[in-house]
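Each chain gets a letter, A, B and C, in the order it is written, and its residues are counted from 1.
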Amino acid sequence: MQFQFTLDEVRALLEGSEASGDYTGNITGIASLEEAVPGDLSFLSNPKYRSQVGKSQASVLLVPRDFDEEPASGKIYFKVDNPNLELARVCSLVESRLWTQPEPGIHPSSVIDPTAEVDPSATVGPLCYIGPGARVGKASYLVSHVSLGKDASIGEACWIAPHVLVGDYCTVGDRCRLHGGVVLGSDGFGYEPSGNQLEKLPQIGVVVIEDDVEIGANASIDRARFAETRIGAGTKIDNLVQIGHNCKIGNSSALAAQVGLSGSTELGNGVLMLGQSGAGGHLKIGDGAFIAGQTGVSKSVPPGSKIMGTPHMELNAFHRMMVVQRKLPEFAKRIENLREVVESLKPSSS
Amino acid sequence: MQFQFTLDEVRALLEGSEASGDYTGNITGIASLEEAVPGDLSFLSNPKYRSQVGKSQASVLLVPRDFDEEPASGKIYFKVDNPNLELARVCSLVESRLWTQPEPGIHPSSVIDPTAEVDPSATVGPLCYIGPGARVGKASYLVSHVSLGKDASIGEACWIAPHVLVGDYCTVGDRCRLHGGVVLGSDGFGYEPSGNQLEKLPQIGVVVIEDDVEIGANASIDRARFAETRIGAGTKIDNLVQIGHNCKIGNSSALAAQVGLSGSTELGNGVLMLGQSGAGGHLKIGDGAFIAGQTGVSKSVPPGSKIMGTPHMELNAFHRMMVVQRKLPEFAKRIENLREVVESLKPSSS
Amino acid sequence: MQFQFTLDEVRALLEGSEASGDYTGNITGIASLEEAVPGDLSFLSNPKYRSQVGKSQASVLLVPRDFDEEPASGKIYFKVDNPNLELARVCSLVESRLWTQPEPGIHPSSVIDPTAEVDPSATVGPLCYIGPGARVGKASYLVSHVSLGKDASIGEACWIAPHVLVGDYCTVGDRCRLHGGVVLGSDGFGYEPSGNQLEKLPQIGVVVIEDDVEIGANASIDRARFAETRIGAGTKIDNLVQIGHNCKIGNSSALAAQVGLSGSTELGNGVLMLGQSGAGGHLKIGDGAFIAGQTGVSKSVPPGSKIMGTPHMELNAFHRMMVVQRKLPEFAKRIENLREVVESLKPSSS
């Protein structure tokens, strides 16, 4: 993957930045401070890497306003308010070059049911299947091998990666990104014991994905038993996440990789669940809650909570407990010592 | 997704039910007590929601026999033995309307090896590949993008979702449901260290799925190193589950989402493993065992065990331990207090 | 799946072996000691199964040099240095029979961009899509439904299973095996809070897979935010593993099923992470480290470490802690007893 842009192109993006240094060449890569080579652009976001700026081979550096070192010869520093966000602007420039929007139209290898509706401004890549009554909105792009079930619907300006399945009757809002292998609308895991067997409870609900949602590779979201499983606007879901039937997630929440939600659990807005954490069924996790990695949420959690552990406890309490827990073998000794001392203090009655 | 059925259609399903109330309209949705709107059918299964029945907007309610409130005007209550199961019957009715069985036949976009055998009553949807010697049984339905390897076999009346892979020589029984992205027959994870490298051990066994098994989205079941990995009849496997090579699972067990089994582990019948739990290799988990969420099974487990924790312990012992563990910081203080008191009790010898 | 080979074919593979016994028939299966039937080949690798050798129905057995029992009539024992590795040789023989390399060429149902390059010795099976500028090297085999993005590249002698996605600009080295549903090059999970919303940080880097890497079913590896996510030569990754953006993994490491790495974490060479373990972001895990199952790695880990727990601790310390932890309820009692004794020893001052 190769790209190149001029210093002036970058300068134009960095409104209000302050430049110092004499580098005038092109930019041919983006890299971390440590790995950058001449020609690269790099950035200082985390203050703990401050001492690496001077040693970096990068030719162009985005640094915070209060960074007071001067660049060596052949380098240029741009002082900006938030180097992390300004880097995102530069990356967007690269993105617009390397990921060009394809021509609208339907690849002849794709199979489109005659009752489906694909907007003329949308692109359907090779080897897709669009089922009866399904809809693809304006300017959306199905890359390849996408399968849309009966009456499934994709909104406007969506990007749908290869091997995505949007099951029958499930709907996706506008400006969503679904990564490779995402499954929307698999059956919920619902059975009723009947003698020694498990009788399947039909799962006739749907999945509703609101606007501006991103869903990571191979994530799986079950359709509701009835009614709907719903992912709120602006929520971001990482790879390999499991969402059970009838879950409801609010707006702008973030679920990191391999998180799992059992059925009928509800998350508020702005919830953050870190990797490999999970929640039991029929729980409510309040707005702004923070769930540490690998946490097992076992009861409903009030808004703003910070929790960790399996079963979960309050984050500070967990950390205090861990400190003591690591001293357990020492405790055992101390108790034994005490017992001996106490024993020796007893009046010798035998 | 819209549907509508008459009160008489529902009444006909609810054999032996007792009705009271005056609602006579159609049913246009199914919802929980809290979310129902007029025209919806709802149900009371969990007694803790009893007080919500009277407030529910639902027009039609399935309630248990011992529910003694009378419906308000414009509503109807059906008293039944098990509202959860009766709801399943109503959902089945909806299902039969919304998910119609497709016409038999092979979509012309699919690629069928000339040595494969597809029963004339089966349906092969668009863009599937059926390899040499593979077989598809009576009335089975491959939705789209399914790949069957060499000599792979699907039984009768199966439903195989898009992007499923049944690898070479692997077999699936009758009435199985495989959800989107399921992989059967990936290689087991077997290597032998050889100097600084890992030498691959060939994986030449197969996967055998018995009858009436359901497998969730993106679940992955490895072929055996030799012989077979086997999933017993009536077992239900949820999304994103990992089954290692040479595992054997008995009948009517249930593995919730993101469960993982290492190689050669065996489960009995009626085992229940909750979400994100895992088991090490070469273990035996007995009939009817219950494994709590996120448990790490580290040794074989006798039939009927209930376990939790990593490494696992007996469930009651785990709960007792957790109660005490949360008091650890307090313990630390108590020990220190005791030490001080004991110190003060010592004869002042110095 | 059926196969058959002669005793002489096996004997030829087992160079330097010592045979005793009178079995002369063919070999028609491979099975464990316990499950073998007459005609099967079996092996003794784990000494704890030593007593099963005599009882096994297997006709042909691979045993270690120091195994001193004599075979019963109708059986043959081959004494070898490492029965596990010798079995692998036999399995390779079976593999070469059952998994024949397909004819080179491109299936007519596949869609190949005119600017892509497929080596004439490669095989592209049915229903694949190979994007603009993508390359497939010598003797590589894409089974079916594979999607290669823009400028994506597959090296020589690779085996790429159905439903694999190699995203735009991502590269795969020589002799790699990618199992069903693998996603390379999904976007990293990077957002910057902006008011109540999450603003997406563009992810413009790539994934680089070096030579001799194997990746399990439905594993997902994110592209870098910039620069690259890299998997070192000879590393083996199991099913459903998550690798975040900008991770770097060294050579010959092994990540078991459902392992998860957050962004920018680096693993050295020869690291072993067992199932369902995970690591936070921006950590360094040194060469040869061992991470037990379900461990949550919360800080960087020096080379050669053995760790367990969430948050992780040294393995021996963890085990010591667990021993004491299980005695916690007893401790509580002992402290209470001590308190009572101490109380009784106090001078009665009130």
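Brief remarks on what is shown
Quick note on the criterion: a residue touches a chain if its C-beta (ideal position, glycine included) is under 8 Å from a C-beta of that chain, and two chains touch if they have at least 3 such contacts.
What you see is a predicted model, and the numbers here were worked out from it, not measured in a lab.
Any chain touching chain A that also touches chain B appears here: C. Different-residue interface: chain A and chain C share under half of the residue numbers found at their contact.
Spacing of chain A relative to chain C, judged by their CA centroids, is 25 angstrom. Touching two or more other chains at once are residues 109, 127, 145, 163, 181, 218, 240, 258, 276, 294, 325, 328, 331, 335, 338, 342, 345 of chain A.
Considering their complex, residues 109, 111, 127, 129, 145, 147, 149, 151, 163, 165, 167-169, 181, 183, 186-187, 189, 191-192, 196-204, 206, 218, 220, 222, 225-227, 240, 242, 244, 258, 260, 262, 276, 278, 280, 294, 296, 310-311, 313, 317, 320-321, 324-325, 327-328, 331, 334-335, 338, 341-342, 345 of chain A touch chain B.
By the touch rule above, chain A contacts chain C in their complex via residues 1, 29-32, 35, 84-85, 87-88, 91-92, 94-95, 98-99, 107, 109, 125-127, 143-145, 161-163, 177, 179-181, 214, 216-218, 234, 236, 238-240, 251-252, 254, 256-258, 269-270, 275-276, 293-294, 309, 322, 325-326, 328-329, 331-332, 335, 338-339, 342, 345-346.
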